[in-house]
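Next come the structures, one after another.
There are two complexes below, and they share subunit A, which is joined by subunit B in the first and by subunit C in the second.
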Partner chain A sequence: MAPKVFVPSPDRPPPVDTSGPLVWIRRNLFRDVPNTLMTLLGAYIAVTFVTAVVDWALIDAVWQAESRRECLDLVGRSGACWPGVFVWFENLIYGLYPKDQVWRINTGFLLLVVWMVPLWMPRVVSKVAIGLSAVMLYPFLASYFFLGGEKGLVWTALIAAGLWGLIWVWATALTETLTGKSVGTWLIGRLGRSGADEATQMRIRRGAALALFVVSVLLVAPAEFVEVRTQFWGGLFLTLVISGIGITFSLPAGILLALGRRSKMPVVATLCTVFIELFRSVPLITILFMFNTMLPLFLPAGTEVNQLVRAIVAVCLFAAAYMAEIIRGGLQAIPSGQYEAATSLGLGYWQTTTQVVLPQALKIMIPAIVGNFIGLFKDTTLVSIIGLFDLMNMARAVGEDSNWLGLFIEPFFVVTLIYFVFCFAMSCYSMNLERKLSAGRERS
Partner chain B sequence: MTARMIEVRGLNKWYDQFHVLKDIDLTVRDGEKYVICGPSGSGKSTLIRCINQLEHHQEGDIVVDGIAVEKKGRNQRAIRSRVGMVFQSFNLFPHMTVLDNCTLTPLLGLGMPKAEAEEIAMTHLTRVGIAEQALKFPLQLSGGQQQRVAIARALTMRPKIMLFDEPTSALDPEMIKEVLNVMVELAEGGMTMICVTHEMGFARQVADRVVFMDGGEIVESAPPDAFFDSPTYDRSAAFLSHIL
Partner chain C sequence: MTILPDQTRPPAPSRPALKALNDARVRSAVIQALTLLAVFVGLWWIVSNTVANLAVRNMSAGFGFLDVSAGFGIGFTIIPYQEGDTYLRVFFVGIANTLLVAIVSIVLATVFGLIVGLARLSDNWIIGVVARSYIEIIRNTPLLLQIIAWYFGVFNLLPRPRDSIELGAGFVLNNRGFYLPAPVAEAGLGAFLLLCGAAVAGAVGLYLWSNRRLEKTGQSFPALRVGAALVIGVPALAYLALAPVSWDMPELQGFNFQGGTSVPPAFCALIVALSAYTSCFIAEIVRSGIQSVPKGQLEAAGALNLPPNWTLRRVVMPQAMRVIIPPLISQYLNVTKNSSLAIAIGFPDLVSVWMNTSLNQSGRAIPIVAMTMAFYCTVSLAVSAVMNVYNKRVQLQER
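Then we have the complex of A and B:
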């Protein structure tokens, strides 16, 4: 007898009342009378607001004019007057940086992107080293692009170190992606010395690193950029420089301060606590002011500290103090059992801290840390108080131009959009990072 | 006579005014298995935590494998590297895979190359029957599996003594069995062990001596048969009737 043929039953659509967009809408937006009223009210507010903004910014806006007067004659105050922003746009982004040198800023930031790209390449394993090199070496390269000017011997070596780092990062990214080996191992393989003893291999690695450094020096030495003094820096560029340095400094410094505050050594703990409490209890604006006016008094007469440097130092210290408390919160969330397990496994203080405690603490603190970065980014607007022309201050300057006198709303609108884009990007990145780090580590 | 692995003499410890351990004397020889039991709060955990220096004592001497604990804690790491510890709450590192949990000490503590460290880790994971879970994260395992990983992790340090602090009291009955099996096997392999546990079947099977503590003191220390069949003190008898 032939076996019976199994006929799979056809799929049925799910019952109508349990799913589907219409059901969702009915359930969540029009469930009952109060719910429906709230939905309609919310929709009314949203529509009114959006149409008002669109009318002002696009439909009624003036796109071509020579001065604000012309705009006012055309549409009055009902539409935006964009020409003023167009004229000032380059200043909003680059400050008073000489126009023919602006490419240096663009290249500088592009280099950072190029430096970081390998961090997102899946087969690259040396991500920590690449990240560290971006923090430790990129600044030298970037500061020469931004500042230019005479470079002495030391300065040349540092810039060369920056270039060296960039080349190393990409060499690593390429060999790890293509062959799965680190640059050094790949190079030794190519030289046919894989069988050599460890000392020889080490010598080859050192030699290659040194040769690359010499090449970098030779490349860097002839480069000559005109000096652009920091007085001419401004706009988004200045905002990014200040907040970028503040952000990169605040994380490691905050970690050290937080560890110090929890230290068993009373002197270290007291010093860290005093520092943190001091800087946290004073508004940033006060710190900026103090550093700007009082720092020169403490320094030996004749030493000139650049105003931008003063602002950056103030921002860094302030940010580090805040970051320290966030990190400390994360450290406290790690159960003592983790320390005990690490200690009983024979790990020392730094091993326990870097391998066991910090990775867990930083992971739970990502939202707070990124929140702090975003706060810092926006707080840099305060540097206008000591006369630096950051993005915000530059926007204000538009309305003081005789042609565009009183044009404040439009530049602030644009600046708001710029801030939003940057902050929202950071926020998205933090959410993405959280998802990535928690994948597979929890019982789902 | 075999060497003395652990020697505790006149140990006294206080938490502020509270006298947790009172004049503790304890000698464990190479290969001996001790089971410590007693009511909650009697100081069992504190005693074994003093042995590997997770807690510091105020009076008395502790000698581990010939190394005397110094008050200043200068030889802490030497002592800890001889003593493996397994906790009631496993204390695995949740952000690392099971394998990484087990290679940590060989890599960082003993400075082995990666390949060798992984080999050692896999040997011990195989020994506790969990090799096929090596690439999972701890929270993806059951309690019994986690505790077995914790045992394997402690073993990667090549300890001479293993301390267990109620390793099975956070587990369901079936899981208790799998963990106890691993411990029995370890005992049969000749490891020196001190286990704080109330698993009396385990005590009967492997212990050379059962130590009963109460109120910070060692009330009674006897071979398991003697202890279970004819406890000397009323306090131990009452405790036994309670848990058996």
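Then we have the complex of A and C:
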């Protein structure tokens, strides 16, 4: 009898790959016949589209020419004719703003960036105050940069308040980053009065603020810019001004309207509801038309209302009504337990609203709020219909220039890119925020 | 732990008028009275200014002009209109055109949005990427820009009628517009429509019956397939048998096409841009609706061994629809409102013929603006009333 010998069974085949690029491709692109067909279809669409755009915009394009006729003679319609856009590019951005004054627009927007930088500095604590100051004080400063002209006493004071705000923001940002103290506390410390009683310290703070204001007035008073009337405003600059004002106005107004609509006082609730529903149910263009034709009728005879102001008023009211409904959605999502808890702590209506309810409501509605801002930014194109030369209307004007007659697609392409960059950036930011905010709640 | 005594303040001197304000009811009454007063004063100020301004400009705010002949032509109408017709007629022409644009765009946008939304959810990577790029590009550019780009960039640059693009079956595209065959009623039309109606009614009845039987006995019946066969088959057979309509084909005669029916390039541009733009939003709505159904529901359906198409039809869709319908309807309202952008490319919709041309011709700003707003408000309030009823029926009952 032969001895029992251990014979190993033959090796099992190695497991099928479960990871790696090839597996990924097989699983996501060529799993079965329908899937493969879909992949081919998708690839075909993507390749056709991308090559068509690249061919037209880069490979077949004309980069140097004097007129559209020249472009057409060179490549016909198969390639883009960029020189027309180059010639008009400055107008697309700044409108008909005098060329030697364009630096004022640049400075104005640069100031906004400078103002907002502390919001992203990690050690700065007073971010809410800085944000608020940007909304409340920056517009005065910017509007003088953009508009210029004679400034009376009140106007000077307001612009000085803007400058005051800017200096305060950076003083706060610096002291908080470097010493961890607010400006006032730091100043008192430097003066060696940390031990002084509260009233004295308050007096020092107020005195310093007042001194700073006097300095700003002295700085502002001699500065005098040439007036650039709003008829010359246009292009991307005008688009940003209108949407900027719309955005700044719509948030606070929307909050008030939403609170009003949910108010227990029937008169207030009805008025707010009527306003919101009226403005939400008609198209923006009818509101623009209405303000354009009827605002002069509504005001006392002889009052001149600038066309830009009419458009801005219409956009602001429209945006506020939409914002109100978004905020109301957020308010409704707050569980009633929160209200009850606030009441049991003895908080009044405004304390409950500002300290408990609104922070939570605004936080959950951030994506929708940003979405509304994007919509507003896109909707500003409608002011072109009542004759303002915003970014889109400027692009259309290129094709009516006698040198570049009929050149529509190229400027529209560029302008589309500009709009896309702005809107896509905003939507990415909001998605990013959404992900950050929901990080604690998500369960996967 | 010691309890510190409250710092006692001297009692505030009592003033009866201010004390009353501490009562919430009194305070709210006072606030409301003040608000009302402010609103009335504001309105009075506006009205008195307007009356004065109208008197100065010799304008009238009445509706008397509605019977007056408008005296201008309209490029495209779907209800009969001649140059001598009244302003009231112009108003209705505008409404009809607006509704036509809205309805056609809504149908196209829904179909296309559904396709793109499903493509976005596809587990095929490249299809997902293509769908996502499409959505992001279209959604992040202004609608007005797209409408104008389609108009000036595409439909205006089409060839002349002589070199038109023939799409076959009598559909022709050129720079004068889009030509399509027009149906002409023949003798059998009544019977044909009757048969179609009967087929649809039969299919609906069959569906309801099969649902009831399923709930009662658990036996299923392929109602969808049979119903689809009925709805498609009966009209097809009836069409062949009865020949209810003949087609009036567009023909090139001289410099232009005659016969058939046609829509102007502005209409095409508007429809394409509106439906492309709206389809992106609908796609996102469809996607979020389907994704909102919790995974557990699918797993539960799997545990019950439901076949995949049942899972989709009986488990996923009913729950997804609850999330999809409300924003979908609000998109439909948006289409109706956005159709007013037609004015930018000269398509005669309500805003264009009424708020622009008629207003400039007649100078009656107030009644014209009021009527336009009333139309849009009516549409939107009617739709939201229906929506509220629907939401009440469908929403889950919670605490």
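Keep in mind that, in the parts below, the second predicted complex is superposed on the first by the 418 of 444 C-alpha atoms of A that agree within 3 Å, B and C clash if a C-alpha of one lies under 4 Å from a C-alpha of the other, contacts with A are read in each partner's own complex, and residues count from 1 in each chain.
Criterion: contacts are C-beta pairs under 8 Å (C-beta built on N, C-alpha and C of every residue); 3 or more make two chains touch, one makes a residue touch a chain.
What you see is a predicted model; the values in this text were computed from it and never measured.
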Clash or fit, subunit B versus subunit C on superposed subunit A: fit
First, second, both or neither for A:345, with subunit B first and subunit C second: first
Touching partner for A:282 - first (subunit B), second (subunit C), both, neither: second
First (subunit B), second (subunit C), both or neither touched by A:360: first
Which superposed partner A:107 touches (first subunit B, second subunit C, both, neither): neither
Most subunit A residues touched (candidates subunit B, subunit C): C
Touching partner for A:307 - first (subunit B), second (subunit C), both, neither: neither
First, second, both or neither for A:337, with subunit B first and subunit C second: first
Which superposed partner A:424 touches (first subunit B, second subunit C, both, neither): second
First (subunit B), second (subunit C), both or neither touched by A:143: neither
Per-pair minimum CA distance [subunit C against subunit B, superposed on A] in Å: 5
Overlap of subunit C and subunit B interfaces on subunit A (superposed complexes): none
Residues of subunit B defined as touching subunit A within the complex: 52, 54, 77, 80-81, 83-85, 87, 89, 91-95, 104-105, 108-109, 137, 139-140, 150, 153-154, 157
List of subunit A residues in touch with subunit B within their complex: 335, 337-338, 340-348, 351, 355-356, 359-360, 363, 440-443
Subunit C partner contacts - residues on subunit A that touch it in the complex: 28-29, 35, 38-39, 41-43, 45-46, 77, 264-268, 271, 277-278, 280-286, 289-290, 293-294, 296-301, 374, 378-379, 381-382, 384-385, 392, 396, 399, 408-409, 412, 415-416, 419-420, 423-424, 427
Touching residues on subunit C, where the partner in the complex is subunit A: 28, 31-32, 35-36, 39, 46, 49-50, 52-54, 56, 122-127, 129-130, 133, 136-137, 139-145, 148-149, 152-153, 157, 333, 337-338, 340-341, 343-344, 351, 355-356, 359, 365-366, 369, 372-373, 376-377, 379-381
